[in-house]
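Pasting the structures in now, so scroll down.
Both of the next two complexes hold chain A, though its partner changes from chain B to chain C.
This part shows the complex of A and B:
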């Protein structure tokens, strides 16, 4: 099947997916009473007496279908509603918070995936030798560490003990002033990339100082998973007949591992890496909270705990689109890694 | 292999434990960063920058930096005033007060302050009167009603709004619809909702325009009770205050910059930055690294910073706030929290707390000292009635229920003709999960009653905040109140007047009393008389009597008034505590950094 037609067909699937997701989430939120949902608008005890007015103002007591119809009507005109937790339209909130998370994902994902693939390959190639044991220990420790604990420890060391060396947040106060000035163009709202595009060294350096700890935290926890997956996949490949043939032909072990075994072992890793990237890009709540790196995960979490339905629905839509697109990309990547795979068809 | 793993994990643990002790929190010198700026790290974002909308502390704090009212408090006082945008004022009679408006004052966007701006600011607030907003304080004296609506119907008369605030030359005249104590009115005007807007700028940006939608017509009603997003002012600001809005990155920070043309002259900080940082460790390290000048410290962590000589700590600051356990006199019969719903040892009847001996028994059973020690680490003052320290009528020697299990047992013996002590009771009390104070209060009450008699059984259940609130209220308030048998919650002053505490707690239509089904006509009359009394001495006597009634009726277990703290780096000077100033930073214009 032609690539373009395959992508189009897959994107068409978005329509029922989005409809299903929104009906499901909307239905769940309707299980909360109008008063419970009205608490989103309560910021002081004094407002309790006006609950009835608030409920009426936002139509929280209308039936499910009526509220959903209103919402979907807005969505069809490009209005995803109002995010009360951050006082801006939901669209704006997504575009406001996504760059921070995307920046984390863009920096962390390659690091996690490449390190995982490298260490996993090495561990498989040196099965039951010290290198294998060492990576296993790293994997178990990394996988066992609670994210919040690791994040706090890193913060205490690199911000506390080393007196402000690697601070939390996205930028220092001074650099925030620079990037919000008229002279600095926010191309992507990702600080590192914008700093490069603006040729601004101090902002780049400051952005890097702020992103290192969250990236390390995410990497330590996630690299273990990729590493173990790669190791087992590699071991399976190394046991295959074509590897025996390659070795019998007298190829060096390096060529056997890197060229023949690793390439075939990558398919499950690509699948998981796609999901890993999607998971990072749809927000890593704890890391974003610990390091005050306010991204889309932080926003979604705030919205969920405060029953900000418009925001939750907006996030669900974003999430659904993200996962459909990531699945699509992963499927296309399969064809590049394994020429036997055909889009929309079967393995030859 | 197992040995290697064990050693690795042990090393990680040992490293982390040792690092916790050397994370820079040991009192090392704090460097001076950002010498011209004030940076605070706190929790809770701003809701809106519209002075007519914001009703939360975070919004109020930023509004007071950006906008200004007609007058301000003199230092720590809550009843002595200094001129601000008004140069002086004259009380004409009990229903009229005139303010002379200051000249040569500029708004941030360049406009000049005029009396018409003042008139517009107050009229706009009444026109807008958003549901759940602060406009009721303006409405009550000026229109004689709390809200401009009855249900969804606008009942306020546009002409009345128009006549309530008038311009007379360089003066603005407030005409009250009812006789209202002027001291209360001045206290209301000092708060964020008394901020003055630039009329031309507002109209130019789509806000209500009295010229095109005059109060004599119907058009103004379209601006009543808007959604937040409908107001341009929720995220735009143009005041006369010492700082102007530069950037508000919602959820992240709000940055204000110096107003170069400020009418009082120079401004102490070039930038005022409020960062919203959820994680306490991050905030603490920012303070100790000099990246923040002030942080919010949850009470359970105050020991972390205690004794640090690099910090200026201000302690025992009495907030105009209290907390109380309210008895529900008319519990929803279908409540899940009252067991069998009858006095049979497996539940309580819906009217269980209508018997004063039950209420007094519970009040005697509560261990107040332990509550203050455990929930507030000793930083709270006991109270016997709703009036907190700092208000007219506050009496530190007011009658209070002491913790006395014998007296509690005696009262419960008398309750419901002796049936309570015969069969006992069983029901569930709740708190909003994560609230340590309320959890402690519930635990103390349950433990102490169980200590009196094993038949007195109370279960404790945490609820999410929305569910907790949902259970306080009733879906059918005309018939009964909510499902919770009792609930613990607090009150924060709108303005420092005793009525702002007495009415919510004791008037039939008070914010909490209503949901308890407490209150009766003779008490309501007394509260209203005290509210509108203009003579302080007479008011004080009336509030003494009302507080005695509170003690005698015992509609709730009055607990405590919390004492606050502030932690600044040693470079910040000039802080003084006025409990009416919203936000932790305090009187920022009078503070400095060096």
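This part shows the complex of A and C:
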């Protein structure tokens, strides 16, 4: 099958999933009675008497599908409701807090993938020897670490014991002033990148000092996961016939491992980029909360503990849509990387 | 299989860790007796409301947290809450997974299609984010946390079990029992399930560690157990404001954050050590040659 028609078919398949996701999210809001939902439109206690009028005006007692139609119309035009916690529309809040989170992800993702691949293939090449057992224990412990606890311990050591060396937050107060001043142009609102673009050394240094601990906290669990995956993928690859051929040709063990085995072992690892997206999305909520790093994860947490349902559901919907798209992209890439994956065709 | 597990030092360590936790959970009333007149043993007793954590002493061997909750009592009874959450959630998830997974796998066609599309919808969300949304809608409580974790976890089990059933569906013995006129439910319950799902069930039970970890995270975020409930995640969150000690003694309150976290770590580690060994045993491709 042609790649283009494969992508087209996959895009068609997105429709039922996204429809289901929106019905599910909307269904959750419908768990509340019309009166409860009407209170969202209230701004003063006096209006409590007008609940019936509000219900009638916004049609909060209409049948499910009729209300869904209104709601989905709003969502498609970018209206996800009002975020009480930060007093702005949910959609604006997402855009406001996204750069900080993206910054974390941009630093963490390559670090996670490269470390995981490196350690995983090392472990496989040394199967059943001390290096393998060592990395295995590290991986299992890393995989079992409560992220939130790891963050607190890191803070205790690097913020407490080393007197403010690696502080929480995004920037220290002085640098906050620099960044918000007129001379500093905020191209991306990601502090490290903006500091580089503005050629501002002190801001860059300060931003890096704030981002190191969150990145480590976010990475440990995922490195452990990718490492284990890479190890088993590599072991499978090392058992293949072409490895035997390569060895029989008299190639050095290094070439066999690095060129023949690792390249083929990377294929399954690519497919977990989708997993990595979900892991980071989950991880930033906890990480940003611990480090008071004000990104969308922090905002989502603030919304959740203050029971700001519109924000929490808007955040969940935003993540689901992104996740579905990421998975689509990964699947398409997969067919490019691995010629064995036939696009829905027959086995030849 | 048991012999293989005991021979491997890692899984043996896992078994020992879990046995210790089982003993702690069973004998919690003896290890950390509930004071007289204290009604609910799951609520951690506390003396006064002083916000400053107190270091380990004879009376409170692990010290107290902010609000003077006894850490020792909390982690011991917290073991019980952890097992409760893990067992209840896995129980619900496995039952739903078996029912929907075997329906989808056995009947195929439109039933399969509908059930799989529903799992797609749930799997479209990053799990913790969906769980967080569900908990905040239901209202923060331990019950909401369990419901939320069940809601986000069942689809993967339904899919696994569907796959298992698909594998055995065309086997001769299934055909044979259908041939002699057995009803669909009898074929599924008596023949397909027992031959298909044991590995999946074993792996599912070992996910208790992961479930407890997620529950602890939600509690830590302030979306789980009510204040004062014996729960590791919440005990850890009590330490949030006390990470850094006063000038000159930066690690003064180390016990408040370290101890509850270590309990979570070892509990999850126990399950994961066991799970890792099982994965090797069940995956013949990685078998030792």
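FYI, the second predicted complex is superposed on the first by the 249 of 348 C-alpha atoms of A that agree within 3 Å, B and C clash if a C-alpha of one lies under 4 Å from a C-alpha of the other, contacts with A are read in each partner's own complex, and residues count from 1 in each chain.
Throughout what follows, a residue touches a chain if its C-beta (ideal position, glycine included) is under 8 Å from a C-beta of that chain, and two chains touch if they have at least 3 such contacts.
The model shown is predicted, which means the values in this text are computed figures rather than measured ones.
Chemist: By the touch definition at the top of the document, which applies to A:312: first (chain B), second (chain C), both, or neither?
Modeler: second
Chemist: Per the contact definition in the header, classify A:320: touching chain B only (first), chain C only (second), both, or neither.
Modeler: The second partner, chain C, only.
Chemist: In the superposed arrangement, which partner chain does A:285 touch: chain B (first), chain C (second), both, or neither?
Modeler: In the superposition, A:285 contacts chain C only.
Chemist: Please work out whether A:31 is in contact with chain B alone, chain C alone, both, or neither, and reply first, second, both or neither.
Modeler: second
Chemist: Could you tell me if A:87 is touching chain B, chain C, both of them or neither one (first, second, both, neither)?
Modeler: first
Chemist: Counting only touches as set out at the top, which of chain B and chain C does A:167 meet: first, second, both, neither?
Modeler: The answer is first: A:167 touches chain B but not chain C.
Chemist: Just to be sure I read the superposition right, which of the two partners does A:56 touch: chain B = first, chain C = second, or both, or neither?
Modeler: Once the two structures are laid over each other on A, A:56 reaches chain B alone.
Chemist: Answer with first, second, both or neither: which of chain B and chain C does A:48 touch in the superposed model?
Modeler: first
Chemist: Looking at A:235 after the superposition, I want to know if it touches chain B, chain C, both of them or none. Which is it: first, second, both, neither?
Modeler: Once the two structures are laid over each other on A, A:235 reaches chain C alone.
Chemist: Which residues form the common part of the chain A surface touched by chain B and by chain C?
Modeler: In chain A, residues 136-137, 140-141, 144-145, 149, 152-153, 155-156, 159-161, 163, 289-290, 307 are touched by chain B and also by chain C.
Chemist: Mind pulling up the chain A residues that touch chain B in the complex?
Modeler: Where chain A meets chain B, its residues are 32-33, 35-37, 39, 41-54, 56-58, 82, 84-89, 93, 96-97, 133, 136-137, 140-141, 144-145, 149, 152-153, 155-157, 159-161, 163-164, 167-170, 172-174, 176-177, 180, 289-292, 294, 298-299, 302, 307.
Chemist: Help me check something: in the complex, which residues belonging to chain C touch chain A?
Modeler: Checking each residue of chain C against chain A gives 10, 117-118, 120-122, 124-130, 132-137, 139-140, 209, 213, 216-217, 220-223, 233, 236-237, 239-240, 243-245, 250-251, 254, 257-258, 260-261, 264-265, 268-269, 272-273, 276, 283, 285-286, 288.
Chemist: Residues of chain B touching chain A in their complex?
Modeler: 1, 4-5, 8-9, 12, 15-16, 19-20, 22-25, 28, 31, 34, 37, 39, 45-48, 55-57, 59, 131-134, 147, 149, 151-152, 225, 227-229, 234-235, 246-247, 249-253, 255, 271, 273, 275, 277-279, 281-282, 285-286, 288-291, 465-467, 469-470, 472-473, 475, 489-492, 494, 504, 511, 514-515
Chemist: Which residues of chain A touch chain C once you look at their complex with the stated criterion?
Modeler: Result: residues 16-17, 20-21, 24, 28-29, 31, 128, 136-137, 140-141, 143-149, 152-153, 155-156, 159-161, 163, 232, 235-236, 239, 277-279, 281-282, 285-286, 289-290, 300-301, 303-305, 307-309, 312-313, 315-316, 319-320, 323-324 of chain A touch chain C.
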